[in-house]
Structure formats: structure tokens, C-alpha cells
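For reference, the structures are reproduced in the following blocks.
The following pair of complexes shares a single chain, chain A, combined with chain B in the former and chain C in the latter.
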Partner chain A sequence: MPTDARRLAAPDSSQDPKLFGDIVKPQTLLDENEMRADGRYMTQPRNIFLQCGVVSQAKGSAYCELSKTKVICSVYGPKDIEMREEFQINKGKLKCELKYAPFSSSKHREHIPDAEDVENSDILLQAISPAVCLQRYPKSQIEVHVLVLEDDGSVMPAAITSASLALVDAGIEMYDVVTASSVRVAGQEACFIDPISSEQFSRASLHKSNDINQGMVMVALLPSINQVSSILSVGHLESSVLQEAITTCTFSAQNLHSVVRKSIISSFKK
Partner chain B sequence: MAKVILGDSEKWFIIHGIQDDLRNDGRSCDDYRHIEVETGVISNTHGSSRLRLGNTEVMVGVKVELGTPDPHSPNDGLIHFHVDCSPNADPSFQGRGGEELSSNISCILTRIFNNKTAIDLSTLGIIPHKQCWVVHVDVLILECGGNLFDAVSVAVKASLHNTGIPNIQVTDGDEGTQEISLPDDPNDVKFINTNNCPLLVTISKAGSRHIVDATADEESCCNASLVVGVTRRGRTMGMRKMGEGSLDPESIPEMIETGKNIGRQLHIALDKLLKVEQGMANDIEKVGYL
Partner chain C sequence: MSDLTKHIQPVEYYKSFLKEQVRPDTRTLQQIRQTTLNVGPITSADGSALVKIGETMVVCGVKAELTQPTVEEPTKGMIVPNLDLPPLCSSKYRTGPPSEQAQIGTQFLDNLIKISKLVNSEDLCVVPDQLVWVLYCDVICLNNDGGVMDAAVIAMVAALQSVKLPSVTMNEETETPVTNFDEMTPLKINCLPVATSFTFFERLDNEEITSGHMTIVTDADDNLFLLDRPGGSSITDGQLDQCLQRSFERTKEVVKLYNAVHSS
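And then the complex of A and B:
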């Protein structure tokens, strides 16, 4: 395993002590009153808080909070391209990085990006690049840095929404903002909008060997021009269930548009 | 990704062809190229395969080793995917150039195998919390001729089907310890069940239509595609949009449906071939990488 010599050496591998205790996990996602673990209904998203201009040094920045999920994003550029191979004469280069703070999740995160971080950064890039008018920024690069301060589920939608808001704040020309939403699918007709960590899909959390229609779906949307910029799914889903989940996600992402618009307007009024 | 540089007029020619359901090599939008698959080609592996799809050449070797299980699922084995893009395939893969593509492919493979049914990992467990089989699936990309995701997934399924895991015995030793003993016969193996193993189908959007099995030239004309993991029964296991373009929400159900149908046909063809290959065992001379 590669280690970073500049930091104090922690043990090579360590585990979360909770794994060794006998913590009883709730078997179902809904309690007897049809309520979720944090007191929401199945189709109720968490309250969202968005704010522009939180980092004074950056060209543009945004902060997004979905209850305990907290994400901060800053945008730098357009500036000169650093690497010669990335130079393009007719369009600019968008660079994205999604990073988890080491203390953000239930397990300790390494400082060095792992395969998951690289994939997440790539998903973020593909979700926001359809919205940016890159042909307006030839020979230059725009950097988007997203830092997850606290992870309580649905990090990717929060990262995508805040990244697009930060790009708007930086005055980058765009076709549209990007809003995103995710759902946890648990059974034929159960789509839990905006899942928290304990509701998220993971192979280890499944109790039965029969795991049909258990999974997660995320959709990123350009709401005004009605284009889908990213779709992501994981788990074993029937295609009818998958399409139902995509529709639910799209609808939920559409609903975020007014919130994003409001926060843009309020940032200009200041 | 290895990029083919095409002029605007060449791109329009390809897109207009797709619009008329006639592609440059004479296929229609839903046609796949000819696939060649061969299993058991590398002697030092537990399972291996070689695949050729048009000009795409992929080789997969599976090695199983003993390791410690993940504490989140102490009864299960582990499966890891590593993809390596050889600079032979494209000079741009030299040094760290191929890293982006290889991490993309290994991430999507991990994504589609991230559920309980794709491969039943509990069959790979040995002693809970202590020992399990770790399956290393190593993919080598030898030539890029478009549609790498699908090609890799077919080769992975073929090599997993071909993978024999030694039948080991666990006996109780002294003071509550457990001992593992390997069989003497190297052919005393059990095969991994690949009945629910998904295959990837990439559906690329070009103009207003979508195509499957895009060649390298066609890939450079498409700026958005959907990669769907499909099982033999036509269910989906993981999906991701690739590329820097966006998709029309109305076209997504159609694309998923196409992926589902193509995926099922692929499964049927591959299963037939794997059955034949398994029956012949060692009788045939392997062609290998030419």
C-alpha cells in the first residue's frame, strides 16, 4: 500500500471498532408508523441548505447541507492549462476533484485518493460538464474542488448540486445549472428519496441472499433544458423498477431547481 | 481513452449513416460484431480467456489466493478487478496514460458485481473472520477497437466460468485452531457459478438514434453513452452514463430496453459457447494470442 511519508505514520491497516461489537442493525427501513430512521416519510427529501460565496479566495464557491451531509465546493479559473497534453485550441478543460475529509465518514479515510475517490471525481466531471460552455474558454482550464466535510448519505447529489452552484458563482458561462438526487430502492415499489448513510445500499447490509430490487439510483439533471447529465445505479434491479426509480429521481431533482435558483438570486442581492 | 481523430465531415458521414440504420461496416444499429472467445489459454492461471471483438483484443487471467475476509462480511470471499491497458494497444497508454481508462473499467466491473447474486461470494468463504478465497481478475487490453466495456465483461464472464477453485478441507487442529489442507489432485476443483454473472452493454447515443457495439470511429462521434450491466434474465445490475454529453430523458427507457435485449442475446450465445468449450476440455488445441 502506498503511504505518504510526509505525514505521521498511522498503523498500516486499522478497523472501525464498531465492527467487532454486536450492534443490532434495524431490519427494515420503515418503522411501524411508516417513518424512516430520521423521522421522514418514504418520499420526503431532507431539507436542503445552499449558499454561494463561502470561500473568499476562490473565484466561486458554494456550500450544501442536507441535514448531516455537508459539502463545500470551490471553483478556480479559467486559468492557463498546466499540462501540455491537455491543451485544446478550441475548447477549455474542466477538472474535477471530489475528496472526502479523513474524518468525514464512519471509517477513517486515507489521505491518498483510492479507486473510489477517482471514480467519484470522474462521475462528478461527467455530471457537470454538459452544463458548462467549454467552447467559451479555449486554451484554459477550470478547476472544481469538492470537499465532503461530513457524510451522511447522498453525497454525490450534494456534490453535483454544489459544484454547479459554485460554477455559477464563479461567473462561468453555462447552459443550465445541474441538480441531482438519489434514491434507495428496496423492493418493488419502495423508493426512499435522499437516503441517509444507514439507508444506503451496500452488499454487506443485505440480510437475505435474494437481493432482487435492492439498490441505489442517482440522476443528475439540467432542469431548464430537460437533459439528463448523469445516471448511476448499483444493485440487482428489474428494468421496470429501475425506470420507476429514474423517474422518481428526475422528479426530485426537478424540485431542487427552485431552491438552487433562489440561492443564486440571494447571492447576487448581497 | 484512445482517441481516433476524425474531421467534422467524417463524423457527419457516420452520424447520417446511423440515422439511416446503416453503419460504415454494413451493420444496423442493433447489430453486434463477430466475437471470438476462447477459455483456458494461460496455464499458470486458475481460469483464463481471450476475446476478440472486431479489432478489440482482451485477455483475462483469474488467480485465486487465500486471504483474510473483509470485516464487514466475514463469511464471504473477495473478488478484485484489475485492468491494465498495454501501451501496445495505444501509445497514449504509456506510463500513466492508460490509468484513467483502466480505473474506469475496473470501477464499472466492481459496480456490476456489487450485489449478492452476481457471484455468490459466500461460496468463497472458508473460515469466517480468518480465511477466504480472494479472486483476482486481471484484465489485459491488447488492442482497442471500440466497445471495450462489453468486450471486457464478456471475457471476464468466460474466464470466471473457467475458474476452478481447489476443493480444500478444513479440519479442527489442536487448541481450537483449524487447519486447511489442499487436495493432492490438481484437478480436484469446484467451478464458480456464473449463472447470474452480468455482462455490460454499452449503448451509445449518436444523433437521435442509439447504437450498440460502437467501433472506435463511432465512439469518437458519440458524446454520451449508457453502460448497463445485464443478467441472463434481463435484469440490470449497475448502470452508468459515460462521456461528456447529456441524454434526453425520453430516450433513456428505450436505451435500457435495447441494452436488456442485446444483453440477453449475448448471454445466450456466450453460454452456448462456454458449454461446448467445457465439454471439449483439453481435446482442442488452443489458438491463443496470435
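And then the complex of A and C:
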């Protein structure tokens, strides 16, 4: 384990007390009444809460809550590119950072970003950069910082939606906002919209079911111009199932547009 | 006065307000911004609190995990505080290792826990020499509009106050711990410290707007735990008395807040 001289010494290893609790029986995704673990139908997303302007120090900011999943995002810039960094003369640079708070998951997270954090930051960058008019900000950079306060599934869609909302709040010129949605595919006919932690795809779930179609699909969408900015698929999916999942995601992301629009309008009314 | 003066002549701008004994945000010199405390916003943490002092916003989450005690102190659990000032909260900070201010803040919280004996570390012992609790107190600033340490102390104390630990027993045969989540015991907190920060404006003819700050940590029983005054211009006995007086008053207000939130 890497030692960190800039933080207080913590024990080398510690275990989550839940590991030593009663063994919980693995739940099925749907119970006998066709209901999910949190009382939703298969195609029902969670209620979303969006708010602009939560961080007064930032140029723009947004907070997104999907039931227990909580994400806060702030945007700084456009500002000068830092010394010794690469820049393009005719185009601005978008920098994205996605971080999980140490207390956001069931196990205490390390402070030093791991490979997963770097990957997530990159997914976020790829999803939102097509929406930003970067040619309007030559030789400057725009910073997007996302902090996951609590992770109960569908973090990336929440991060992408709140990041685009924060960019709007910062007054950055954009082609469109970005909304995102994810589904968990468990079998040919089963698309679970907006999965919670226990419903998310893991490698273990590949072997549990007879149906080989197991995975997660996330789509980021520019809803007004109806263009997809990013698709992410993990797991094993047949192409027809993948197409079906993408359609479901796109539809669900399109539905978010009105919520995003409302929160932008209400932030201007203030 | 226009916003332009604020940026071009910040010293003149402040001076003109201070002459009238008010601050640009309409507060008087001794007035503290409105403080709100929300306990338990993060359900993945074992204890959590969100504190707002004016626009400053700080969240603290406590994660309790099991670990082996150190050889030196086999009957003592551990509390590991950490203050994070991410680039999200202000343009002053950059991505990467913790800034100097964050390190100083972390050390401040650690000193406070040890000096005030906030939690008996023996209470965190499960089986001596084998198993103890470690409480990770991660304080993250979400919006830095000044007074972060005041908010951080309130957040950390309130989060620790809301921690409930499951009962743990050792299985003698397999030598593995067994946790029972049906039996939860609240963590015992020995005192309720509150930090109050002051900034001094003295040599206003200088280019600097402020001439140092001071943070005082006290509790409702009039105990003085910490007085942090790093450098700056000299202050008189009268000023020190005034600040102490004010921080004792402030502590009583915030302790009411702790109790109201804790009992609800």
C-alpha cells in the first residue's frame, strides 16, 4: 500500500464490519410481484432532484440526487492554461475530474485516485465534451470537478447530467445540455432502468443466470438535437439486445430533458 | 459602493465599511453567519453531518471499520480525521496531493480529538490485542467561503455523535469476528467542542487586508481546548478577552444546535 506523508497515518488494512455480519441471501432482481428491491417497476426510473448554483465560489455548479445517489459538481473557468501544459491555439481544453468521497461506498475508499477514478473521469469527459463549443474558448481551459457523495448505483449518468447542468450554470457556450441514463440488462427481455447498487452488473452475475445476456449499458444524449455523445456497454450482450438497451436508455435520457430544463429556468428566476 | 471598487481598491473598500462598524455583507463585526446543521445525509456512512455557515458548506462522513490494534496500544481504537479541500470548493486549490492548508486543518482536527478526549479510545476496543474499531472521519469542504475550520469542527463532532456501532464478538474457534447489526450502540462523546474563528483588521494602511486570524475551540462547560493564533500583528489583552468572551457565547448557541439535532 502506498504511504502518504501528507495525511495522518491510518492502519495498513481494515475491514468493513458488514463482512462479518449475517450472510445475506443473494436477492433476485424482481420479487414475486414483479417489483424491484426498492419498490419500483422494471422500467421505472428513480425520482431525480437537480439544482443549480449550490457552490457559490464556483463559476457554475449543480447538485444531483437519485434517491440515495448524491453527486455534486462545480465548474471553474474559462481560465488560462497552466504552465507547461499542452494547449491548442484554436480550441479550448476541457478538464474533468470525478472523485468518490471516502465514505461514499460500503468500503472506506482510499484518498489517492485509483484506475477506476481515472477511467470514470475520462468517460465523463467523452460524454460532455461534444456538447461544449470549445472553439469559442481558444487557449483557455474549463475545469469540471465532480464529487460523488454517496454511491447507490447509476453514478455516471448522475455525474454527466449534473456536469452539463453546471456548465450551463457557468454560462459556458454549448450546443445542448447532456442527459444520461443507464440500464442493467439481465436476460433477453429484462432491461432495468436506473439500477441501484445491488442491481448493478458484476462479473459474478455472468455465471448466475442461464441467459447469457448480462450487462450494463449507459447512453449520454444531447436531447434537443437528438444526438448520442457516448455509449458505454459492459458485459455480454447480443447485438439485438444491445440495440434494445440503447433505445431504452435514449428514451429515458430524453425524458430527463424536461427536468433539466426546469431546473435551469428556476435558477435564472432566482 | 460599486463592485468595481471592491476589485480595484480592496483595502479602501473594506476600510470604508469598517469605519461604520459593519461588513460588506451587512453583518456587524461580532456577528456570525447563520449556521445550519443536518445530521445523517449520507446513508453509506456510519455517521454523517452537513454544516452550512453562510455559504460555506462542509460535509463529514464517518466510516467505522475493524482492524488490528498497534503493538504500543493494544487496547485503544483509532480515529483518523482528514480534511479535504478539493478543487471543487474554491479556485484556490488544485488537483493532486492535499494542499498545505488541508494538512494544517487535518492536524488541527487530530489535535482537537486528542486534547478534548472527544471519544474514549478504550471504547473502540473489541478484543484487546486482536481487534479494535478504526473511525475514518473524512471532512470534505464543498464550498469554501471562509470559516472552513469552524464548520469542519461542527461537522466532525456532529457526525461522530450520530455514529452507531454494531456489537462485535469473537468466534473462539475460528478466531474471526462476528458482527450483529441488530444490536447497535451509539458512540459515547465526552464533550461538544465548537471552534470560533476571528480575523483581525489592524494595519489597514498596509497592502494586506487582514493581519492574521485566530481560532478558539471551547465547549459549553467553559473549557478552552485550543487557541490557534499563527503569526500576524500583535493583539491586546482586551481584544483577546473579547474574542474569548464571544467564542464562549457562540459555543452555547452551537451546543443547542448539537443537542436539538441529536435528540430529534
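Simple rule for what comes next: the second predicted complex is superposed on the first by the 250 of 270 C-alpha atoms of A that agree within 3 Å, B and C clash if a C-alpha of one lies under 4 Å from a C-alpha of the other, contacts with A are read in each partner's own complex, and residues count from 1 in each chain.
One rule holds in what follows: contacts are C-beta pairs under 8 Å (C-beta built on N, C-alpha and C of every residue); 3 or more make two chains touch, one makes a residue touch a chain.
Since the model is a prediction, treat every value here as computed from it, not as a measurement.
Asker: Are chain B and chain C a fit on chain A, or do they clash, once the structures share the same frame?
Answerer: Fit.
Asker: Looking at the overlay, what does A:Arg40 touch: chain B (first), chain C (second), both, or neither?
Answerer: neither
Asker: Can A:Ala58 be said to touch chain B (first), chain C (second), both, or neither?
Answerer: The second partner, chain C, only.
Asker: With both complexes superposed on chain A, which partner does A:Asp151 reach: first (chain B), second (chain C), both or neither?
Answerer: A:Asp151 contacts chain C only, not chain B.
Asker: Tell me the contact category for A:Leu232 with respect to chain B and chain C: first, second, both or neither.
Answerer: Touch partner of A:Leu232: chain B, not chain C.
Asker: Scan A:Lys91 for contacts with chain B and chain C and give back first, second, both or neither.
Answerer: Neither partner.
Asker: By the touch definition at the top of the document, which applies to A:Gln126: first (chain B), second (chain C), both, or neither?
Answerer: First partner only.
Asker: Using centres of C-alpha atoms, tell me the angle at chain A that chain B and chain C span after the overlay, to the nearest 10°.
Answerer: That angle rounds to 120 degrees.
Asker: So, does A:Arg203 touch the first partner chain B, the second partner chain C, both, or neither?
Answerer: In the superposed model, A:Arg203 contacts chain B only, not chain C.
Asker: Determine, under the contact definition given at the top, whether A:Ala101 touches first (chain B), second (chain C), both, or neither.
Answerer: So A:Ala101 only meets chain C here.
Asker: Considering only touches as defined above, state whether A:Gly21 meets chain B (first), chain C (second), both or neither.
Answerer: It touches chain C, and chain B stays clear.
Asker: Smallest separation in Å between any Cα of chain B and any Cα of chain C in the superposed model?
Answerer: Distance of closest C-alpha approach: 12 Å.
Asker: Considering only the contact definition stated at the top, list the common interface residues of chain A for chain B and chain C.
Answerer: The overlap between the chain B and chain C interfaces on chain A comprises residues 15, 20.
Asker: Residue numbers of chain A touching chain C in their complex, please.
Answerer: For chain A paired with chain C, touching residues are 4, 6-11, 13-18, 20-22, 54-58, 68, 70, 72-74, 76, 79, 97, 99, 101-106, 108, 111, 143, 145-147, 149-152.
Asker: If we count contacts the way the header does, which residues on chain A are in touch with chain B in the complex?
Answerer: It is residues 15, 19-20, 115-116, 118-119, 122-123, 125-126, 129-130, 202-204, 206, 208-212, 214-215, 221-222, 226-239, 242-243, 246, 250 of chain A that touch chain B.
Asker: Which stretch or stretches of chain C touch chain A in the complex?
Answerer: Going by the criterion above, the answer is residues 41-45, 48, 55, 57, 59, 61-68, 78, 80-82, 84, 86-91, 95, 97-98, 103, 106-107, 110, 134, 136, 138, 140, 142-145, 166, 168, 176-181.
Asker: Residues of chain B touching chain A in their complex?
Answerer: Per the touch definition, chain B meets chain A at residues 70-73, 100, 103-104, 106-107, 110-111, 114-118, 120, 122, 224, 226, 231, 234-249, 252-253, 256-257, 260.
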